[in-house]
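The same chain A turns up in both complexes below, where it pairs with chain B and then with chain C.
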Partner chain A sequence: MYYLELLINGIAAGGTYALFAVGLTMVYGIFRFINFAHGEMIAWGAYGVLLFLAPPFGLPLWLAIILALALTAGIALASERIAFRPLAGRAPLVLLIASIGVSFVLRGILQFIFGADLQSYGVEISGRIEIFGLVATYIQLAMLGLSLTFFAGLYVLLRFTLLGKTLRAVADNAELFGIMGLPLARVRLVVWSLGALFAATGGILLALDTNLEPYMGLTNLLKAFAAVLLGGAGNVFGALLGGLIIGVGENLGTAIISPGYKDLIAFAVVVIMLLFRPQGLFAVKSGVR
Partner chain B sequence: MDYILHVLIMALIYTVFASSLNLQLGLAGLYNFGHVAFFALGAYGSALLTVNGLPVAVGWIAAIAIAGLLGLVIAYPLLRLTGDYFGVASLAFAEIIRILLLNERWLTKGPMGVPAIPRPTWLGMPATSLVQYLIIVIVASAAVLAVLVVVGRSPFGRFLKVIREDEEVARAFGRDIVSYKVRCVMVGAGAAGLAGAMWAHYVTYISPADFTIEVTILVLLSVVLGGRGTFAGPILGAFLVILVQEAVRFLPLPPEWGRLVVPIQGIIFGGVLVAMMILRPQGFIPEHRE
Partner chain C sequence: MNTRAITTGIIAGAVALGLSAPAQAAETIKIGAVTPLSGKISIYGEGFRKAMELAVDKINAGGGIKGKKLEIIFEDNASTSQGSVSAIQKHISIRKLPIVFGPAASSNFLAVCPIAQSAKVVLIAAESAAAKISNCGSYVYRVFPSDKLQGKGVSDLVKRLGVNSVALTYVNNDWGVGLAEVFKAKFTAAGGKIVGEFAHDEGKTDYRAEALRLKKYGAKYVVNLTYVKEGATLLKQAAQNNYRPQWIMGSATRSAKFVSLAGKAAEGVIGTYPTVARDKAPYKAYLAAWKAKYPGKKAPIFGEYNYDMVMVAARAIAAAGSYNAEAIRKALSAAGKSYNGVTGNKAFSAQGDILNATYGVWTVKGGKITEYKK
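== the complex of A and B ==
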């Protein structure tokens, strides 16, 4: 029973890791660089809700969540416009270093406004559900339900819409941008705002489950990166599976090793995957599938 | 006066730290985002040996050896990776080291950290004054920088640049590229270990919280800002970074805003890093190319 509950915790956590991973893997697949600032979308989503809940806004939770998601998408688009677009076509490492700078700026602003201490929304969603003696909190169910819904939506978008087909085509061959006259502006808009939306949703769920701190973005970015590598860089649905594997592995791992080493598992996965199977468990040649 | 000495000591320690990263990043093109791990191991190695009674000089030599050895151990597997994948693997590796320092309490005292790290002795007396410590740091840094310059100018250092520019060409020379890179990482790691030891014996208290990714970013910024691949660049960069960091403390902020110093530093450094990448990716002192 104990192990089954760890499994449930793991699946719920893994769902959020997968939400974090989508933006990272899509930007890698289409714009070909590791966006280190993606973690700050997780943190800004969570802190955005805090911003709109507190005075002077004092809005209800649902409205605060919607506004926080919009705010995060706006931040992602602004950072793309200011920092990444001028660097388009440069070496991936130049973009990676610039994204480290962006993440510093975004985290600095966050700490400037909200301070460095642990915080929480003060909104208790404490309901839980019991099936066959197994307990899952509402938040955990929401984590699982929302990540499945989001990925289903993403599947429909990528498979059945013209825009999704464009995204996949561009990921396959970046030169198509120029040759086919594909709508670069729309691709950028969709990729950056979708990634931010997914990450912010995951960040809000995480904050509802535990609490908020300025470094939550960075910590979870590394987990998301582990999920991306497991799934194969650029593979959106591999990232879902990768996230679940990391989440379950971490939580089952605490049954065997000291909880202090929980975070180590994700990092070990990063190193091992890079060394032995950098193309991921579910390799695609390239691009968003 | 003491404050100026403090800034000078910090700047010199970061000069060594940045120059050691420059050997890997600037010369060999290895984007090591986990350089703080070597700094941390040097700091912890020397601190733990000296609080248990060994002389500081032994601690510093051990710091170089421990960090260099760690460089060797991780370089072999990680160097199979290239470019941004190497960067991320080294970052993950540094986090693993930090988590180990946090959890192996029997050795490192965990989050409590190591207090009361002794200062080096000066003619038989502990070097308590900052001037004495500054002189020791100047001598040690000059020695390390001299070694790094010699290594950089040697045929070995020049071949690292060949590897950076074109690995295929380097391989065509019939040399063992992995061996070159491993030695490069080892030397850089050893120098970073000494920087860590100098820092540990200066602040006299260290804990795992001192060795986060932020430190790596600071030293990366020093190299990129000053100019990678040059010898003067990282020195200029390290002094600039430390000066900016200290200058923020003197902003005319109301005293209750003290908590804002760290976020303001973060915003400035992040902004500068982005601006440099867009406007002057080669740094203030560009590498001379024929």
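== the complex of A and C ==
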């Protein structure tokens, strides 16, 4: 029973890690750099809802969520336009450092507007279901449900639409893609807004589950990073599996080690993967699969 | 960014360059403060700053310190020990201040106390409780009771409830570990049994694994020595998992924020806290002054200790005669002994700990923090 409960918590947490990981892995697959600012999309998604819930907006939760998602996508596109596009084609290290800078700026703005104080939405969704004494809250169910839905949608997009083919083509060979005269603009738009959308959704779920603080993006970025490494950088569905493995692993791990060292598992995964299998468990040579 | 810190930095730089002996020439007496104005525990930091400024206002309104105005220079430490170290370095080596108010959170305070001790600068803590701080050295003082006293307070409370076996969890830093150790020693010495214990990390959003571990221990009573956010999340997630033991907590969670974050899960929690005589004149005067200066704001947790810290320091500086660390340190003992402040008498032991502290018991009833009555 104890282990089953740990498993449920792990799957729910893993679902959000997977949501966080998608943008990271897609940007890596197509633009070939690790976007450290991706964590801020998690935080901005969560704080966006807070922004639209509170006065002067005072909107209902569902509308606030939609607007927050749009806002986060807008921020992602703006950061791409202002910081990353001018640096396109430079060494990955340059882009990585730029992304760290962007992350500082975005987090700084967040703290400036909302303060460093801990916040909560003030709407408590406290429902939960119980089967044979096993408990899962609605939010936890939403974490898993939404991430599966999102990934299913992504699968359809990548496999069966022209846009998906375009994405896979550019990931395969960006230069050739350009020579063929295909539109990179649309690819950018889709990749950045999809990544932000996934991350913001995860952030909102996390905030509904617990609370908000400006550093929430940064702390969860590590988990996303571990999921990406596990799944193989650039592999979108690997990220889903990676996220679930990390979530379940760290929760089941606490049956053996002290829960205080739970984050150790994600760190250990990062180190072990980098040492022994940097291409990931479900390796693809390059590109988005 | 922290514009105040930048401006004060610029001003301090200008003063240091322009004047040969800024301490004597200045019309104001400056005390440094290392305060968590951003980061993990900034929930508390803003309240500390306001309470300290309240004391400064009171002193300056009464003619200052021997005619000189008092000013506190706040330096943000971003709630980290690295931040605390660089903040105190600024106070000590750039501004050459002889007295500094140390940072909250015992881990951060412990990071700066050797620096103050070796630079021979007086360092005072307002809310750091770790037992280890007693060993910091002869320049380090605190106006808050040590965990040696509070660890015993929690153990006494559990015994008083007639409980003989508990599970124990504590936040994994100097404060939590120190408090837990003292509690364990006192509780087991009194014949109590600890059925299971572990440390939990600060600043996470997911404490479900911790909640399940406690549930597995099956303890009806859990001693949970932690902070606001960690405590609120853990209690909430334990309740979601149908685990509702009697939580016994320390003083750090005794805040309205804790209750609002934990919601219904906080109901019925009990804990100890260093008591302040709220029905006596000094506290009433403090509260009235707070309300006058910050209308509509609740008096913050530990605000009264910060207030008393400034008052004791001001008395010591006035008595010291000259504004240097050695003189202030020598004057502190007498200043503390003769000061019956908002939080009681501040007589110091040889280790710089206060000697007198009594513990009350708090509980949450109907979403409000109240006095626990059995």
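The rule is simple: the second predicted complex is superposed on the first by the 289 of 289 C-alpha atoms of A that agree within 3 Å, B and C clash if a C-alpha of one lies under 4 Å from a C-alpha of the other, contacts with A are read in each partner's own complex, and residues count from 1 in each chain.
Keep in mind that, in the parts below, a contact is a pair of C-beta atoms (placed from the backbone, for glycine too) under 8 Å apart; a residue touches a chain by one contact, two chains touch by 3 or more.
Only a predicted model underlies this, so the values are computations on that prediction, with no experimental measurement involved.
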Overlay on chain A: chain C relative to chain B, clash or fit: clash
Comparison of chain B and chain C by chain A residues contacted: B
Touched partner set for A:33, first chain B, second chain C, both or neither: first
Touching partner for A:124 - first (chain B), second (chain C), both, neither: second
Touching partner for A:168 - first (chain B), second (chain C), both, neither: neither
Which of chain B and chain C A:103 touches, first, second, both or neither: first
Touching partner for A:86 - first (chain B), second (chain C), both, neither: first
Which of chain B and chain C A:116 touches, first, second, both or neither: both
Contact residues common to both interfaces of chain A (with chain B and with chain C): 108, 111, 115-116, 258, 260-261, 263
Chain A residues within the chain C interface of the complex: 2, 5-6, 9, 13, 108, 111, 115-118, 120, 124, 126, 128, 130, 133, 135, 137, 206, 209-211, 213, 215-216, 219, 250-251, 254, 258-263
Partner chain A, residues of chain C touching it in the complex: 1, 37-40, 42-43, 46, 172, 198-201, 203-210, 212-213, 215-216, 228-229, 232-233, 236, 240-242, 257, 260-261, 263
Complex contacts: residues of chain A adjacent to chain B: 33-34, 82-83, 86-87, 90, 92-98, 100-112, 115-116, 218, 222, 225-226, 258, 260-261, 263-264, 267-268, 270-271, 274-275, 278
In the complex, chain B residues that touch chain A: 31, 77-78, 80-81, 83-85, 87-89, 91-93, 95-96, 99-100, 102-103, 213, 217, 220, 224, 259-260, 262-267, 269-274, 277-278, 281
